[in-house]
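In this document, chain identifiers A, B, C and D correspond to the written order of the chains, with residue numbering beginning at 1 in each.
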């Protein structure tokens, strides 16, 4: 094992990272610093502190941070400005949290003089890439320990045995069962992978979903929300201004109640294989729809199309862990520039799993001009005759080509007749 | 007025195109050929024949064609292979029908020796562009008469007056009211524009929608469908093979029953203004979701991403009337090539307005490899250590950059100290 | 003819725009303001003033502006930050000057209270589009008179007749011959179109070229230049700092001497036809090469590739007259952001028509790390073993696909044997 | 060391791969098969056979193949159909040869029952990726030994010592010096890396270049070539039809004579660092220019622009070793489709390092229409008035936006006055 002085561990307080904590101490004989983040995953964090203390971590080496506001304001919202969707469906709920954790790991490493970071992501997934690319970009000489790529505790049984042998408290849920899925949650979403889901032809069990009611059990009456945007970011719901993370939490609560935001898909991991995942993103699903709605009246057509053309690339960068890369930042500059004029409100209707935009307006930035668009008499605002020339010139290259073809065909025919 | 010999008119049998018919006869003193297509819009076509005869069209000059199969097989399905969506939302229901009408207009012009075509699309919309670009591409020297760009009958009142003066039968619905919207329907969708909708901040009336029940009135039990795909095209529903247009009609019927496929949006017209439209695309909404589902296990990641990157461009081409352009055909060659391996089935769940994929598989082309993807012990199918090198090299350029920055900052600091 | 109060005419002082001046006075009975710009085309501007006076323009209505600095600093250099090339070859010399003229026409219209602008570009070319799109974008209700699209003076003979009839001074070169080509010149280039060149299979005459010596007559000794860049812009030649337009003028002079920058091509006009043009862009040819050279050590790979991917779109926007569009400005924001770190020098070698980069460096922003790149022993700076994992994971999706294919082929074979 | 039965080694006969041969025998105790390809690198191959025999390879295990025709016809020419250039400059001479070698390695592995391949590419370069991605794609379970990533012979001294100790014949050039550069040659190019070049601010020595004369020593008279293309591929030079590889060899000879095709650049390797390389690609440089020339009259504008937009992606795929990937093949289908109409001839002028197109034509596929393009009277072929409408509608969205801005500014001003 390499020479490691002090390691900052991304520590959830759960079984896996507790085993890693112990394993790092034993195998690297190094000081361990734990970092536990509140990203809105909806779990108590103080138990993580207690457990870390039990495992011998010094109080000054335990970091527990509430990152909810930063997460939504500086990561989730900028991403939604781009209408980012990976592979047509996935709202990047896990992907967007990792760069913030990477940033904080590095900050704590700097503060504590650590030379190494460690995390509990497997060697088969995207998260290792997201953690490590972020860390390397921000602190190029940091060392990384990814225990799942190194150790031999590759099955749950071995992990539990190691835990018991080392006196690591195992919660009931692990002994008795608990969720069989590999899950990840933060303010943007909760995800499920593994077990039963590893067969993409098998349907997910209803009992798996945690954040949303089944659409069948959602209220029988639709609910409408007025969402207000400023420079592309949500700033108020039904007239009530809140902080970024409060807004998202509120959308999650309302969306979850209406069964909004479930997704079951097969995605392509950056490390090369396909994987099946299920996601609940109630607030994000609403936000994306609404953001497109406000953009639809505020953005110039060609700017909107440019954004659409670049979106899959931007989404792939985030999915693959390149948040801190110069190319993602470069694209963000473009995207943010386009959002200056994205101001106004959108009315959203939620009902039994579906979200729809029913109206929208912008007092300051609407490009909708009803005097031009109308089918009624427009008093000369638009000269319909212009369209003739517009079409004629747009058709010209095709007409030239077809005429050339016809001329040649005629000539060939003439030539073949003469023979 | 230019010199016109014989004109083929895209004739619906409705008031507008009947007035145009008469107006063409009067203003151009030319022979008129009428062409009425069944694209699955759900209207009787024989009345159009009767009306044309009444207006003095010779029987041999009346063309009424059932184009439903060709429409879905050669236009709708190829477009869905690309997962085409315009501006993030619109499924291109009107756009995709126009090129077929253009093609048929030109064919009839050739057959009847006509030198001109005419249509009832306004000078402010996209349809004029779609008709005319198509016609020019296929028959470069065809002449086009677009009465809305020429005449002065610019309000409904003037139109009705002209009709009455010329003995054109006006149906009750026009006199008494009928739908106030400008509508277009075919097997893929029905659209609404105009009137009430011209204010994007006003909600659409429930009474406007015609194809779908309101989600609130949809069945209380979800319904699942098994959709089978071959080379990217739908070929069977619940095991029942049908022709392309029958499949789409069936999806429309089921989707409509479940309140699926409503859309209310502001879009950017090719002629330069924003416009608000409402659409019902029940079958298409299901089809798109299912097609993405089957692609998710059959397509290589990078091929799928290439398609996603090109999709907005392809969709814009269709929206803007470039179906018959060489660039659309070139993109189609690429898209069709990717669909050879898109074979398998998808299970779709419909419920009160929402569509979701719940499972999918491909016996012949699945790229999903559960031995690789599993979170369980994979018996060495995937060497997790490879991920370390993968990440390291992907991070290298960012590490070099940050190290260079640090080195220079240190040097600058050293230099400034010396001073 | 429409109602026009006062018109600002882009006036070169040449025959065509002098005829237009008179024609405007006669046909629109309006006051004419002339605007003549020095963009470095290398012609005296005072004769234009004299001619305008002769044609009855009031002194206060004659604007003659030296726009050379603004042209190169705010138009040419920003464009070169993008390495813009249209259709693989054309450096956009004419295209980039038009938006500045449009801007100035509008400014003068505002200042003089004019309601209309006019220009001498034909109805078949790109320049009309560039002038007018610019003007409309900056002053949406401006009126435009494009005489070539309106009048009947469509041949040179008619034009000369009109001039003589109206006492417009015709210079000797027009009477006796002069250049038979349609030419345009500014600090970035000189272009030739028309006549002899209208047959793309005919070679251009040597006598046509004006700015560059034939490579055969260029000096027999190569010349090297050290070009220094700051934030992507050229700031000094051989250590001598100059203003933007002085730098470009100097490069033109040196490049021309060495026969650098001739181009003969067939391009696709925005209005729909192909056209053959010849161009001399000595300074621009050097600048592009050098700019790519400095970027090669300063830009991150993925940022550079992003720029390369967007470049053709950016170049097309400029070619087609969309400089003042929101989408061009949006792209510019991205491009300019990337140039912050483009600082350093490039050594260029010129010889008989060719330009090559022979060395380059950046003290402040080089990302070239010789300790990593070296083929010699690098003392562990790069762990070659990482490459194995990098390749393995990048190959994974292809290996899974091929393995799946093999497995199925084997199964099919097995199945067919059993039958 | 892993379990290896039989290994196919890409064997040049040079020192490095001879040492690898011996090292494989010693360290893996496996049977070695050697494969030496003639790709037009201009070296005798029989010495490689002799050396292999000396090192104990069985005659049946020695493969020496002339791949020149296949190389140019199936790899180089398809790539040139795309006008592929990496990072604005590099013609991909090394990149395009690797996939063919990978293919042949795998074919020989299949034929000889080998389970492993090996090559002499370093762990820092692109070639290892190109070899291995190709091999994995074509034979997913092949094993790869890349000695440079495994062994400790990391300096030239150690390598020479190992050779002498093991009786491997060392040629004079290695003892006495020879070229100090790391070189690679095939019919498309010769490349130089390493040593002196590792400082990008140092100029390359004139003595380094091998294929081209210095432009200064090239003939004092230009030479013209008529190149004929069929479906995008070169088929004849000056009327003389030849096979693909003969044509490229002929272009190399002529181009080299005129000093054409030298390139000195810093490029971004796929493995993450920048590297400086020098290249001579005389024939390729001519071919690219000529291919763009013939495309300029045969390709539709939008098809050409689509190709230009996709080109950097296609070039990056080849550079990074993805020739055998499904995405490269998918792009190739598109590119090849566009080349059906690329037929005709181009006249090229070569002079002291520069290449230029002077004329071009296509009897069968020209889209150049002089009656439309002419500046002279076109007898009504093009109605200039159409341009007015074309511009008006293209400007519409910008005018609406600016008018909206003005209206709001006026209102705000009004509002602020009232206060």
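Methods note: contacts are C-beta pairs under 8 Å (C-beta built on N, C-alpha and C of every residue); 3 or more make two chains touch, one makes a residue touch a chain.
Which protein is which chain? UniProt says A, B, C, D = Argininosuccinate synthase.
Everything quoted here is computed from the prediction, not taken from an experiment.
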{"item": "Steps needed, at minimum, to go from chain B (Argininosuccinate synthase) to chain D (Argininosuccinate synthase) via contacts", "value": "1"}
{"item": "Contact-richer chain pair (by C-beta pairs counted) among C-D and A-C", "value": "C-D"}
{"item": "Type of chain A (Argininosuccinate synthase):chain B (Argininosuccinate synthase) copy interface by residue overlap (half), same or different", "value": "same"}
{"item": "Between chain C (Argininosuccinate synthase) and chain B (Argininosuccinate synthase), distance of the C-alpha-averaged centres to the nearest whole Å", "value": "38"}
{"item": "Chain C (Argininosuccinate synthase) and chain D (Argininosuccinate synthase): spacing of chain centres that average the CA atoms, whole Å", "value": "29"}
{"item": "Chain A (Argininosuccinate synthase) and chain C (Argininosuccinate synthase): spacing of chain centres that average the CA atoms, whole Å", "value": "40"}
{"item": "Residues of chain B (Argininosuccinate synthase) whose C-beta touches two or more other chains", "value": "268, 271-273, 300-302, 305, 313, 325-326, 366-367, 369, 372, 382, 385-388, 390, 392-398, 400-401, 403"}
{"item": "Residues of chain C (Argininosuccinate synthase) defined as touching chain D (Argininosuccinate synthase) within the complex", "value": "83, 87-89, 122-124, 128-129, 132-133, 136-141, 146, 148-150, 154-155, 182, 193-195, 198-204, 215-216, 220-222, 262-268, 271-276, 292-293, 296-297, 301, 304-305, 308-309, 312-313, 316, 324-326, 347, 351-354, 356-361, 366-370, 372-377, 382, 384-388, 390-392, 394-395, 398-403, 406"}
{"item": "Residue ranges of chain B (Argininosuccinate synthase) in contact with chain C (Argininosuccinate synthase) within the complex", "value": "300-302, 364, 366-367, 369, 372, 382-383, 385-390, 392-394, 396-398, 400-401, 403-404, 408"}
{"item": "Chain C (Argininosuccinate synthase) contact footprint on chain A (Argininosuccinate synthase) (complex, rising order)", "value": "268, 271-273, 300, 302-303, 305-306, 313, 322, 325-327, 330-331, 333-334, 337-338, 393-397, 400"}
